[in-house]
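The data blocks that follow each hold one structure.
You will see two complexes here that share chain A, one where it goes with chain B and one where it goes with chain C.
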Partner chain A sequence: MTEAATPIPATPAGGHRPAFRLGRFIERIALIFVWILLIAAFGAAMPQAFLNWGNFSIMFASYAPAAVLALAIIVPLTAGDYDLSVGATLTLSSGLIGVLNVWHQMPIGLVLVIAIGVGALVGMVNALFIIYFRIPSLVVTLGTTSLMTGIVQWMTNSSTIGGIDNALVMAVVGGRLFGVPYAFYYAMIVVVAMWYVFDYTPLGRKLLFVGRGREVARLNGIAVDHVRFGALVTSGVLASAAGIIYAGVLGSADPYSGLNFLLPAFAAAFLGATTILPGRFNPWGAIVAVYFLATGITGLTMLGIPLWVTNVFNGGALILAVTISQLTRGREATDIG
Partner chain B sequence: MALPVLKLDGIAKTFGGARALAGVSFSVAPGEVHGLLGKNGSGKSTLVKILAGFHAPDPGGRLDFNGEAVDLPLKPGDFRRLGMSFVHQNLGLVPSLTVLENLRFAHLTTAKSGFIDWRRERATAREALDRFGLSIDTEERIDRLSPVERALLAIVRAFEEIRVACAATGRPGLVLLDEPTPFLPREGVEKLFGLVRSIAATGSSVIFISHDIDEVMTITDRITVLRDGQLAGSLVTRAATHEQVVEAIVGRRIARLGVTSHTGPQLSRPAFARIAAAAGTTLEPSDITIGKGEILGVTGLIGSGYEELPYLVFGARPCRSGSIAFDGAEPIALSAMTPKRAIDLDLALLPGDRQGASGVDSLPIVDNMFLPDVARFFRGGRLSRGAMLREAFDLGTRYEVRPNDPSLKLSALSGGNAQKVLIARWMNRKPRLLLLDEPTQGVDVGTRVQIFAALKAAAASGMSVLCASSDAEQLAEICDRVLIFARGRILTEITGADLTKDGIAEACYASIDLAGHVGTASPSVHAS
Partner chain C sequence: MIRHVLGATLVAGAVMAGFTATASADAAADGLAAAKAKLQKYTEKPVFVAPGEAFDAKACAAGKKQLSIPNSSANPFLKGIIDRMKKVGAEVGLEVKEWENQGQPSQWVQGVEYAIRDKYDIIDLISGIDPSTIEPQVKAAKDAGVKVMTSHFYDPSDKQNPLVSSSLTIGFGEIGTVLANWSTVATEGKANILLIVSDEVPPTKPLVAGLKSELAANCPDCKIVQEVNVGVTEWGTKIQPSVQAALQANPDINVVIPIYDSMSQFVVPAVRLTGKTGQVKVATFNGTPFVLDYIQQGTVDMDIGESLDWIAYATIDGHLRDLCGLPVPSALNVPFYIFDKNNAAEAGTPANYDQGYGDAYVEGFRKLWKLQ
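After this line comes the complex of A and B, so read on.
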């Protein structure tokens, strides 16, 4: 035996309420604080154009698909799997809406059901290869991404399909609440639902343990494969939902733009894991991160800064935030590292 | 005698206040196969680590290699320059790379020229394998090799490492084999011995470390035995008997155990679980009965199969056969057992690998504590965090977890306190059968006492315990009965007055001899 007589540390007198730690609190709100600073900076530069509710309401609505996509990603990420295929699933979903609704005149309600079903199917295919054939999730979802991108190009003849049923457009951007189009609130519904599942249900605990310690989870009676399967199907369904919102926002189906969402969505997922509940992928953090990045890009665009700067901003913000977070936390194990 | 390859003189090592090695001296002659024996904690591994340069010995000792004094402490990697190499039990091969890449690893990663001549590397590797008549394909991946081929390859690689150094100095080298055999089948061990003899025939020496006395007596020329950090015996193998070796290892003469003692379990209490024909990777079909409220220990030398039992019963590892019946109910096939089902049957398993299989360090104590039964805190549509924290705090108080703040991450606790949390997790569920694997490994002395007390109290109230452990002291302290395994079978049962630390250790060593008899007795009637 190798045990050494280590003294037992003294018990701090204390109850079971976690103590308020200022450092932790600052870390939790740091990104929100930087977001406000960013808004203030752009506001100072462009008081008229930037600092008006119309600008923000458009931003909130037009980034709703990206927000849902970021939320989709964090489900399998929490369970320990990467789903790179969400961007292509978004495109597939909006492409299907265009083809079935516009070209084949199918009723929009049925088309949406099909789109969601196809999203679930994509998740199942991913899960089949990842869980049952034990192929790394990164490889599988990279493959299905390319596969779906090809299918969409075939399906749409690589053309943008306009003229999607006005009912969908109206439902997504037709109405406003507090001046913000409905699209934003759909994203909010997803956040609240995910927040509930992650933090207030046994399922959320299972998801977390499956991601952090598969063997621990298995030996504690958790059906690890079922949880991973469910997480991948959920991300497929949510990515499809993001595609529906995207089709509604645009009023058309664009066979190419989905992939442009992928990297920002991943950036937001990881950036979000540095805030609200630092160290964990968490829905509110992801939302804050999406709109933080959106604010930066919107502001920069309005300043007339060339397009390439937005990519630099996305990537730079991600690396910087995650690095700062990792340094302040002394390299302890988190979802990010 | 020729100039010894390795000569140790008064090598000592103290950790804190504990003496791990108290001035050990012995020498290894050129071309000699030298056995190094001793119980766990006898100082063998400390000695190996000093030679490998992981530990600095206490000042005052002397180490000569081929007659030249070596500066102590050795730095990691120094051994290679001297002409010494090691094969550890895990062999140090990369499973996903080829035989060639593994064999030439050191050369390929340190070569001065930026270009790798694969044709020449392949020829060199082929030559190294052919030298010992091994027909292993150089392009085969390590994970496609049999365990024996892997062990042989690791030894060939170790010899290749010293061959270069030896060619430069013109002097013999030394290969140190640290428990290379416990997971090999019999015929594999024979092949390995053939290789060891070939190496010795080149004039280099081999140090062979093993728990298996029969193996050591078969292959070695001389044997050095360590006990409690001191030299306990120096024997010429040809002239030594099995009893003398065992005596040197355990420190006193022991009576051979009667073969009749494994006729069946002697239960003094009603049976709770009957395990029938349980077999795993190394465990051969074994029948075990665990009494209600009994703490049953299973042990043996490393690789003897006992360590699989808790996992097989819990459905955590694939079994070859077996069933288990609780309280006289219908038997359940072990192949149909899953951790989920085991938990539903009120079984609990505390794995030996605390960080990899038992708890998640990066998540809070409270979540670790209630992992199997978090659902019971789901009330009125939400998980009651407050109730979880309150109960976790109460449990932490009962099991003396320090610091007792359940919102901390598990990593904030010492090894012993983390183990208390994980024991509390299972005990709180009041299991009918608790399965343990090395429950106090890496746990401080104070915690050990607390864990023992908790186990005994729970057993007194009717919980049955199956404890797999290599720690004889621990088994002697908590168990009502201990089963000794060797080569996958139960050989002896120890109860009553024999159930002491020394009694268990002796039985483990004696069992090797019995296993030899059991293995060869049945088929041939005309044996002399």
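After this line comes the complex of A and C, so read on.
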């Protein structure tokens, strides 16, 4: 796989004219441009409150769990599998931290290792049914979501657990670098690592090939099942890591709230696939999308606009961005979804 | 002449302004004093007040059955009430069973139909099930001779569904007044409030109405800076960013009131991240244990609680009175009690649902029911 070091164009290569490249460039940066416009608009409306570093640093940190969750799902999505269980895995991870650390007084370091291990286990269980028993990923991960939700309710007695070790809270939101709590940098570490693996390693190429055409990949000698297995385990581990950050941001754990991150995370993943490398799930795109949506919610809330508007904004932004992206590429068939 | 008139007008204006300022200062001081006086009873250990005449509860309950349908069995508050009702029911011979459900109206319908088929005497709709959402079944139950009662759901100002036999109301409006008066006192009459509500939950309306009217009555200088409505399913994703944004946009906010205390799980990190811990006070309602722990840790300032065990006794008492044709109290009459940093430790560390309220009611009800 020596070709791995060469980035694969998002669409089949050949026949590109300069005008087309310009169009593609605009497409790549369109969301970032709209994001800047959005910041400028909110900044003009509220120069004092919105345009200050404190506001952005808090936004960067508090959306870190959502960012890591969006990154978790693009791994199996790139390999062609849906993982709907990431929200439940996040909840399971934060719930485990609450139960083991607060109720059973286990040291936080050990608890975090267990949480990551359980995330990997969830990925393996998903992989077993998806790859070995050949059940569609949508069905399996929907099932494991329900299964985990029930287990978390049982485990936590359906109650919120406060008082998680302050060391975790300090490590996630206590310490700051350039005024931004550490939580954001954890998400950045994941982005950089994923960007490197996706774009500069043979593994990243294999992942993409498997997602684009399993049979073709298999005929090319790629161990398709191993790649899909690895992708599902990675998403389990990353979702668990998102749960750790979530528990650190809140300082508590509850059996329900984490489940609500699933749809925004998927929205960010798909929205992210319209930017940076349009047509491909990509980590930088996902991060831009998460913080684009976060900026919208923060700005609208600051303006005192009712929260239902934020749902309209999220949904509208997603549909609009994906549609524009499709139109600029001449409505070519997409490999996503 | 003109100068004289002008001078006189200016003097009169100054005097009027002085009067107005004094009058407004007087109103603020009077309001503060009134708020303090009204808060007093909620800071004292609750005392038992008999909800009616004594009666022979054992004779009344003999051979009778009650099916309790909670809004959702996943809610530990409601589960706690029902578990205690089973215990209290056993003391007097009333069989209490829970219809386990996950908050789906279709499951409530099944529960009512089960109670009719199995010849229950009482169907108890607890906290959150509006009888109007399952009206055909409530009517069928009534026609079959099963009494449908509600508890911990209606505010006294609500209009009760006519098919319901009796309702033990809870003063959500009263809770609103306690939150308003506490904010007034805690800020010496200068509260700038961020209010977090969930409009789709029925108690929100009377609670917020009580809060606003009491604030208007006792605190002329207080204001609700922003009111944020977050649906229950979105608490986890929307409350924290909303509170952060509101605190950033309005640095003069000095009180945050998440009206249901489970919301404070997301308010506390927002206050912490914005660096406002200690500057912004958090006041709330429900008495959920983890929030009482927050008070002990200094991240929440006040929580209004009710004893689950007391609610269980009061519910059984009210329902038995209805079943046996006695006058039924219109309210649960379970007192509200303020937990703050002075008494939060009484709820236990970690806190429990029933600790800290005293146990005056146990003996009270047992005497009332002629058990001792």
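Criterion: the second predicted complex is superposed on the first by the 313 of 337 C-alpha atoms of A that agree within 3 Å, B and C clash if a C-alpha of one lies under 4 Å from a C-alpha of the other, contacts with A are read in each partner's own complex, and residues count from 1 in each chain.
Rule of thumb we're sticking to: a residue touches a chain if its C-beta (ideal position, glycine included) is under 8 Å from a C-beta of that chain, and two chains touch if they have at least 3 such contacts.
Quick caveat, the model's predicted, so the values are computed rather than measured.
Engineer: Is A:Pro181 touching anything from chain B or chain C once the two structures are fitted on A? First, second, both or neither.
Structural biologist: second
Engineer: Applying the document's definition of touch, where does A:Ser257 land relative to chain B and chain C: first, second, both, or neither?
Structural biologist: A:Ser257 contacts chain C only, not chain B.
Engineer: Applying the document's definition of touch, where does A:Ile116 land relative to chain B and chain C: first, second, both, or neither?
Structural biologist: So A:Ile116 meets neither chain B nor chain C here.
Engineer: Does chain B (first) or chain C (second) touch A:Ile58, or do both, or does neither?
Structural biologist: A:Ile58: touches chain C, not chain B.
Engineer: Once chain A of both complexes is superposed, is A:Asn220 in touch with chain B (first), chain C (second), both, or neither?
Structural biologist: first
Engineer: Thinking of the overlay built on chain A, is A:Ile245 touched by chain B (first), by chain C (second), by both, or by neither?
Structural biologist: neither
Engineer: Check whether A:Val191 is in contact with chain B, with chain C, with both or with neither, and answer first, second, both or neither.
Structural biologist: Neither partner.
Engineer: Of the residues on chain A, which ones does chain B touch that chain C also touches?
Structural biologist: No residue sits in both footprints.
Engineer: Can you tell me which positions in chain A touch chain C when the two form their complex?
Structural biologist: Interface residues on chain A, with respect to chain C: 46, 49-50, 52, 54-55, 58-59, 61-63, 66, 102, 153, 157-163, 173, 181, 249-252, 254-261, 264, 294, 297-299, 301-302, 304, 306-307, 310.
Engineer: In the complex, go through chain B and note every residue touching chain A.
Structural biologist: 15-16, 18, 40-41, 314, 316, 338-340, 342-344, 349, 351, 353, 356-363, 367, 370-372, 374-375, 377-378, 381-383, 389-390, 392-393, 402-407, 409, 411, 414, 416-417, 440-448, 471, 473
Engineer: Along chain C, where are the residues that touch chain A in the complex?
Structural biologist: Residues of chain C touching chain A: 74-76, 79, 226, 228-231, 233-238, 240-242, 244-246, 248-250, 262, 265-266, 268-270, 272-275, 288-291, 293-294, 297, 350.
Engineer: Can you tell me which positions in chain A touch chain B when the two form their complex?
Structural biologist: Touch residues, chain A against chain B: 1-6, 8-12, 14-18, 196, 199-202, 204-206, 208-209, 212-213, 215-223, 279, 332-334.
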